[in-house]
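Note that chain A is present in both complexes that follow, paired respectively with chain B and with chain C.
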Partner chain A sequence: MIELLSGIKNTSAALEAERTRLDVIAQNIANAHTTRDVDGQPYQRRVVVFENQLQNAMGAGATDGSDLPAMQVASIQRDPRPPLQVYDPGNPAADGKGMVSMPNINIHEEMADMISASRTFEANLAVVKNARSMAMQTLAIGRH
Partner chain B sequence: MSPLNAIPSYSAGFTQPIAPLPNNDVSDIPSQLPSATSVGASDFSSMLGKFVSEVNTQQLNASQQVGALQSGANVPLHQAVISMEEASVSFQMMVEVRNRLLESYQEIMRMQV
Partner chain C sequence: MIEALFSQPNYLAAKKTLDAVALRQEAIANNLANLETPGYRRVDLSPGFEKQLEQASASGDSGQLAALQPTLAPDATAKPSSKDGNTVKLEDELMRMNQNTMVHAMETQMVSGMLAKMRLAITGHS
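For the complex of A and B:
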């Protein structure tokens, strides 16, 4: 394969990972009031863990940027913080004292995460744009 | 010493006949050059053919990804757009190579004999 757009693989992987992160944030916001997850417990906030994927261990010393490891989503884990206790005796999920275990989701935190994820996505798109304009400018060398 | 002085006819003010090349055996000059007629030509044309087919592959890949995206397959949008970009840039590269080739051909055709 000819590589005209430099570093585009890594950027593509990062875009994919940020998209997954946005999906998980959307899931967290959607489940902000879910008292019964698949295991019957209140929904626990999901967190995306990124990792650096080692594409070619032998090429770790390469200097042309073609073998730089791309990042990817390692796993989607649960936030270990305890569920929020809310007094809501009318809720079917309330215990004997009228307390309901709500998901450990803070909507403000999710919004801040969403801003961060979409800005990171934008930054990676800017890298794509820049790589394209670099290639086009290079092709225009010597044109009059 | 300037390159012009190196040629005897220039330094002698065009009075002397043009001296023969230092290497008198003119017949073996083509053999000293890289054989542009047989091996070089096929090498270059096969390289060019490979390049064109590579560009074609990228175009096909891009159209396949866009088709998959439009028919509802689970293809990320950015991947389809990036492959379109790659196809477009490599096509531009091919056009540029063609322009340079034509330019040099026309330059040779304009050469005074």
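For the complex of A and C:
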């Protein structure tokens, strides 16, 4: 099919990746107090890692735009920071001293991440809008 | 012949500018898509293109204009704003995108105007 909206392929890949990032942030917030993950350990914060296909293939050379690198989610990794220690002797997960290992999640950090992800999402939507209006103008060439 | 109608330097220059604007939109779309990719370096129109276009339209040579081909290249002047080495700045990119859309609107109107004038010359009414 002809590409009427220029550059839209990479934009949709980015929208999808940001969507994944928002999903992971939602998962982190939902599990902010999960002391037992599937492996029995406190839930560990998940981080989305983005990568760029073909970044090296392109190098510093000029291109006609057909081989621009598309971005994608490389992996979802665990945040290696240690779990937070909270004093809560009534908690069934508490150790001998009454300390509970809580997930290494900082709600404020997640909120900041969420805002950044949704702003990036919006920026990509703005690209779609602009590409669309440009395509409409192009289609109107010669009309009067 | 009929090709002569569409090989006037002005018309060709407008067409080439439209090509460049479309390509630029692609570059900006890609830059915004990679807003958060570590180590990504922003791309833009090759810096030589505008100069070449200027020279070619000053010379008035249709062949030279028709041979012009805009390309994209990594922007060597952009500096990374954070530690991850990414050189894309959201505000700059959005600004460029809007500017690009304006240039596109102008060029499409110009091409439409040229076609309308041609039609007027051929048919006697627009």
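Simple rule for what comes next: the second predicted complex is superposed on the first by the 136 of 144 C-alpha atoms of A that agree within 3 Å, B and C clash if a C-alpha of one lies under 4 Å from a C-alpha of the other, contacts with A are read in each partner's own complex, and residues count from 1 in each chain.
Methods note: a residue touches a chain if its C-beta (ideal position, glycine included) is under 8 Å from a C-beta of that chain, and two chains touch if they have at least 3 such contacts.
Small disclaimer: the values here were computed from a predicted structure and weren't measured.
Peer 1: So, on chain A, is it clash or fit between chain B and chain C?
Peer 2: Partners fit side by side after overlay.
Peer 1: Which angle, to the nearest 10 degrees, do you get at the Cα centre of chain A between the Cα centres of chain B and chain C?
Peer 2: 30
Peer 1: Could you tell me if A:Ala123 is touching chain B, chain C, both of them or neither one (first, second, both, neither)?
Peer 2: It touches chain C, and chain B stays clear.
Peer 1: Is A:Arg132 touching the first partner chain B, the second partner chain C, both, or neither of them?
Peer 2: First partner only, chain B.
Peer 1: Thinking of the overlay built on chain A, is A:Leu22 touched by chain B (first), by chain C (second), by both, or by neither?
Peer 2: Neither chain B nor chain C is touched by A:Leu22.
Peer 1: Does chain B (first) or chain C (second) touch A:Ser6, or do both, or does neither?
Peer 2: So A:Ser6 only meets chain C here.
Peer 1: If you count the residues of chain A that each partner touches, which comes out higher, chain B or chain C?
Peer 2: C
Peer 1: Between chain B and chain C, once the two complexes are placed on the common chain, what is the minimum CA to CA distance in Å?
Peer 2: Here the least C-alpha separation of chain B and chain C stands at 7 Å.
Peer 1: Across the two complexes, what residues of chain A are contacted by chain B and by chain C?
Peer 2: Overlap of chain B and chain C footprints on chain A: residues 8, 11.
Peer 1: Can you list the residues on chain A that touch chain C in the complex?
Peer 2: Within the complex, chain A contacts chain C at residues 6-8, 10-11, 13-14, 50-52, 55, 58, 60-65, 68-71, 116, 119-120, 123-124, 126-127, 130-131, 133-134, 137-138, 140-144.
Peer 1: Quick one: in the complex, what on chain B touches chain A?
Peer 2: 51, 54, 58, 76, 78-79, 82, 85-86, 89-90, 92-93, 96
Peer 1: Would you tell me which residues of chain C are touching chain A in their complex?
Peer 2: By the definition above, chain C touches chain A via 18, 21-23, 25-30, 32-40, 43, 46, 69, 71-74, 76, 90, 93-94, 97-98, 100-101, 104-105, 108, 111-112, 115-116, 126.
Peer 1: Once bound in the complex, which stretches of chain A touch chain B?
Peer 2: Answer in residue numbers: 1-2, 4-5, 8, 11-12, 15-16, 19, 125, 128, 132, 135-136, 139.
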